[in-house]
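So, here's a batch of structures to check.
Common to both upcoming complexes is chain A, partnered first by chain B, then by chain C.
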Partner chain A sequence: MLGYSIKRVALALLILVVVMLGMFAMVYVIPGDPASIALGPRATPELKALLIQRMGLDQSLPNQIWHFFRAAATGDLGIDVWSKRPVLDVILEVFPKTLLLGAVSLCWAVVLGIGLGCLAVIWRGTFIDRLLGVLSVSMIAVPSFVIALYSLLIFAVWLGWLPAIGAGQSGDWGSQARALILPSFAIGVSWVGYIARLVRASMLEVMGANHIRTARAFGLPETVVVLKYALRIAIVPTIAIIAIGAGSILSSAVFVETVFSRPGIGTLITGAVEKRNYPVVMGTVLFMTAFYLFVVTAADLLIARLDPRVRDVLRG
Partner chain B sequence: MSCAVEQTVENLPPRGRGALAQLMRDPMGMTGAVLVVGFILLAIFAPLLAPYDPIQIDVRHKFQPPSLAHWAGTDQLGRDMLSRLIWGARVALGISMTATGIAGALGLLLGLVAGFGPRWLDAVLVLFFDSFSSLPMIMFALAVITVLGPGITTLIIVIVLVSVPGYGRLIRAQTLALKGADYIQAERTIGASSARIILYHLLPNVVGPLVILLSMDIPVVIMLEAGLSYLNLGVGPPTPSWGNILYDGYTSLRSAPYMVIAGGIPLILCTLGFTFLGEGLRDALDPKLKLRVAR
Partner chain C sequence: MSALLEVAELSVTYRAEGGDVNALRGVSLMAEAGEVIGIVGESGCGKSTLAAALIALLETNATVGTGEVRLNGRDILSLPEAERRKLRGHDIAMISQDPMTAFSPVLTMGDQIVDFQQHSGLSRAARRARAADMLRKVGIADAEICLRRYPHELSGGMRQRVAVAAALMANPALLVADEPTTALDVTMEAQIIHMLRSLRTEINGAIVIVTHHLGVIGELCDRVYVMYAGQVVEEAPVDDLYHAPRHPYTQALIACDPGALGAGQGVLPTIPGRPPDLTAPPPGCGFAPRCPLADGTCHSKPPPRVRVSAQQTALCHKVVS
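What follows is the complex of A and B.
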């Protein structure tokens, strides 16, 4: 397990280095003057000179790469051109809000998805199973921002049950929770579909496996067989898909946060793109990529712990 | 764009009428096929089917609710919503099919090179595929848009860049699996060139799964195009795109809710159609190509 963990973490770090090199290339190799692009339409000669010095653009290429990596490794993602604050501070201010939104979306989706998946297994082959199948695929197919717009129209504008915009009043937990309902619904819907399909497929596969038959032959109660032996294996693909889907949740969050004017990584980066606030865009991309790699690697390690067969993939 | 593709050499797709008959027996697949054909016809014949010019401004008739004259109402500039939605199909399908087509061709090429070429090149390409797959799609798209500026060309470049690794990985896995097959070894023994093996044996066998993958990715690409256009970072006005039509509706949500309702319907139907068709095709041609998740 230790060998596998080291290899997996090393691979994640290597990918991060490649991604950083790619981003370095995007900033420095694109046609035109990187300082002007970074500063956007607000570039003044003084600001440009300062940024050229700060970015090390007057140094040799190896020095620039070293400077870029050293800064990123120490958490220096640059300075927000508009607010003049460190980009990392700006990101860390809104990141917990997006994290909370993603976690709440995933939580209700996992509960409902596992429930629907189990129902489909219980009624497998029946009309209900087929109906749940079509429903799951439909949930996956509908874009989250359209669900966001429709739910905003119905529950906030027409019925007036829930707030239309914002993240609730600070300090008021009730108002913050109410502001979370519609955005987390919009993000979670497609995940209900994914998880229901996956749980159904893996449960059906596991229930026919040899170790389940053996467990039954030993006379273990059905609850123990299902919860201790079947679910343990059936849940593995679900963990994998949730981890891989961290990126998909982020994508949905970008759109959904914009629809509900909710502070978070989505509104931060879309605002930055509109203003061509280059350091914030690049800093956010780098931060979120590192976060995504962390989640995927952690999930891989967890899966390897739950299902030892996975470790053989890297070992081989 | 996608991952967790599992594919093995022993489940090469059945071809011909059997698969088509199976697709036609599957209600979900058939619904998808009907919707997709409908949208393709809508896109092709948009100039004939649209009752009005989609960019013709008529401020005297702005915010008209649905009526006999304007079936889906008019927008904030008095443009006919139905005409804009019909032309929007052309934009959505045009961009998604062009981009997935280019990405598919590039993925095919890189996958074949990775699977058939020297090991060091395979390692480099796999690292490239893994690195690109590790970038959250939307974040990467926004970074590229910041550098290149929004527009249809940027949108296509973004889609191609985020899609290629998924296709490349699939083709590489297929190529590696096929490379060791007995009939390929036999070809080698009788002195067949690499070009002949690739063209006559590998290519026909790897194209099937790629087509399924492409059809399953089209709805994801349509969603991305609409989403970025909604954020004003994709197709810009006055060109009608389902995304920017929805944004116009969002800004007038209280006064003209019909704009958002009408704007969402074709997008939902189109993504549902392609997803149903993709599922049907997968079941008919290649049941073992597992569920994938968009990043």
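What follows is the complex of A and C.
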């Protein structure tokens, strides 16, 4: 298990390094030098030279890469061109809001997904099972921003039950919670479909397995059979899909935060792209990549913890 | 005084899309304590359904039409599920068909064997110690290591030994082995049969071995029930079955046993045709379409059960006592 963990973490770090190199290369590919973009068309050559020196752009390429990595390793992601604040501070200020949105979206997906999946198992082969199947596929097919727009129209504009924009008043938990409902549902709903299908398939497969019969043949109580012998296996592919979902949910947040005008990573990155605020764009992408790798690696380790066959395959 | 295990006129039907399948059609058998009985037949003859009924674990789409399975005089099929659950793993134990898939792949052998003894009332540590003792008895030297292993880390033969050990630990009144050696290669099969033979005396109850393999029956059993199309077509002590089979199906089955193929016989005989469709069983004898002796009566009237000797019966129009 330890060897496998080290391997997985090393792989995640390697991916991160590749992403950073890619981003570094992007700065060179983009036309125009970063200094004139940062300072604007009316900058004097002296100012430009000063900034180029301060940004380290006059140094050799390996030197620049080395500085970039060293700075990133210590959490220094550069300075926001507009607000002149460290990029990491800007990100950390809005990240909890996106994290909360993502977590609540994931709750929708997991609770509704596992619930509907189990209902489909209980009523397998009936009309309800087929209806849930059609519903799940529709939920997967419709993009989250479409759901966002329609739910906004129905629940906020026509019915007026829930707030249309913003994240709620600061300090007022009720208003913040109500502001969370629509955007999180819009993001989570497509994952409800995935998880429901997956839970249905893997539960059906496991409950028909020979070892479930063995457990029953030794008179184990049905709760032990389902929770210890069946769900533990059925949950493994679900964890993998939830981890992938975590990444996709964060990218959906970019659209959905814009639709609902919520502060968060999504609005931060769209705003930064519009204003050509490259340090913020790069910092945010790097930060999200690192976060996503963290989630996926954690899920891999959890799966290996739950299923000994996975760790043996990867060890062997 | 009734027998330890008595199956009386048991009929079991499966609900299925293409029509209900009459998997068991009035099966009767009995077994005394200390006896080993064999149930033999080809695929689809209903022997696995019978095995499931014996451990009171029929599929959810199976319904018991008529008949009873009495263990120590109690009809186990009419008990509520909670009562049946108390019997399983205590009075009744099973050795599963396929050792590859019989254990949960994500739990250690020890964890599962400890769970399987949940009727014992012992602590988990005590159950584990008991499991280690039993594993040594079935020929696993490194019992402690084996308990820490996951199923995929053991060979098929090892897993089947663990399965036998788990069943023996229940000290059951009835031990049902459903195709205990089918999934194993020939050397493993021989080892497991040898082990089962040496353990016969350890078991106080009755053992029922379900198989399509006549060799296994000959090695292990006292008496044999031959099944065909959901019915017991012949019942006989094992020696009589081999040397004086009476039902035409049994005769054909023994002729087809590769183990009995003599020198100079180049071609293995087979039984032409196929078993009848059990969604619509024939009115007469189920074997009639494949039987060399069959006449009009065989096709139209159900065959009588003819008693050939004190311990041998055959379900056939053509057998005379």
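In this section, the second predicted complex is superposed on the first by the 294 of 316 C-alpha atoms of A that agree within 3 Å, B and C clash if a C-alpha of one lies under 4 Å from a C-alpha of the other, contacts with A are read in each partner's own complex, and residues count from 1 in each chain.
Rule of thumb we're sticking to: a residue touches a chain if its C-beta (ideal position, glycine included) is under 8 Å from a C-beta of that chain, and two chains touch if they have at least 3 such contacts.
The structure presented is a predicted model; accordingly, all values stated were derived computationally and were not measured.
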Original post:
Based on the superposition on chain A, does the combination of chain B and chain C result in a clash or a fit?
Top reply: fit
Original post:
So, does A:Y194 touch the first partner chain B, the second partner chain C, both, or neither?
Top reply: first
**OP:** Tell me which partner A:V137 touches in the superposition: chain B (first), chain C (second), both or neither.
**Re:** first
Subject >> First (chain B), second (chain C), both or neither touched by A:V254 >> reply: first
Original post:
First (chain B), second (chain C), both or neither: which does A:D307 touch?
Top reply: second
**OP:** Using the touch criterion from the header, give the chain among chain B and chain C with more contacted residues in chain A.
**Re:** B
**OP:** May I ask you to decide whether A:S184 touches chain B, chain C, both, or neither, giving the answer as first, second, both or neither?
**Re:** neither
Original post:
Taking the superposition as given, does A:F218 touch the first partner, chain B, the second, chain C, both, or neither?
Top reply: second
Subject >> chain B versus chain C as contact partner of A:T238, first or second or both or neither >> reply: neither
**OP:** In the superposition described above, what is the shortest C-alpha distance between chain B and chain C in Å? Please give a whole number.
**Re:** 19
Original post:
Shared contact residues on chain A for chain B and chain C?
Top reply: none
Original post:
Okay, in this complex, where on chain C does chain A touch?
Top reply: 55, 57, 85-90, 93-94, 96-98, 101-107, 112, 115-116, 118-119, 150, 152-153, 163, 166, 170
Original post:
What residues of chain A sit close enough to touch chain C in their complex?
Top reply: 209-211, 213-221, 224, 228-229, 232-233, 236, 306-309, 312
Subject >> Residues of chain B that touch chain A when the two form their complex >> reply: 3-4, 28, 127-128, 130-131, 134-140, 142-147, 219, 223, 226-227, 230-233, 246, 249-250, 253-254, 257, 260-261, 264, 267-268, 271-272, 274-276, 279, 291, 293-295
Original post:
chain B touches which residues of chain A in the complex?
Top reply: 11, 14-16, 18-19, 22-23, 26, 30, 37, 133-134, 137-138, 140-143, 145-146, 149-150, 152-153, 157-158, 194, 197-198, 201, 240-241, 244-248, 250-251, 254-255, 258-259, 269-270, 272-274, 276, 278, 281-282, 284-285, 288-289, 292-293, 296
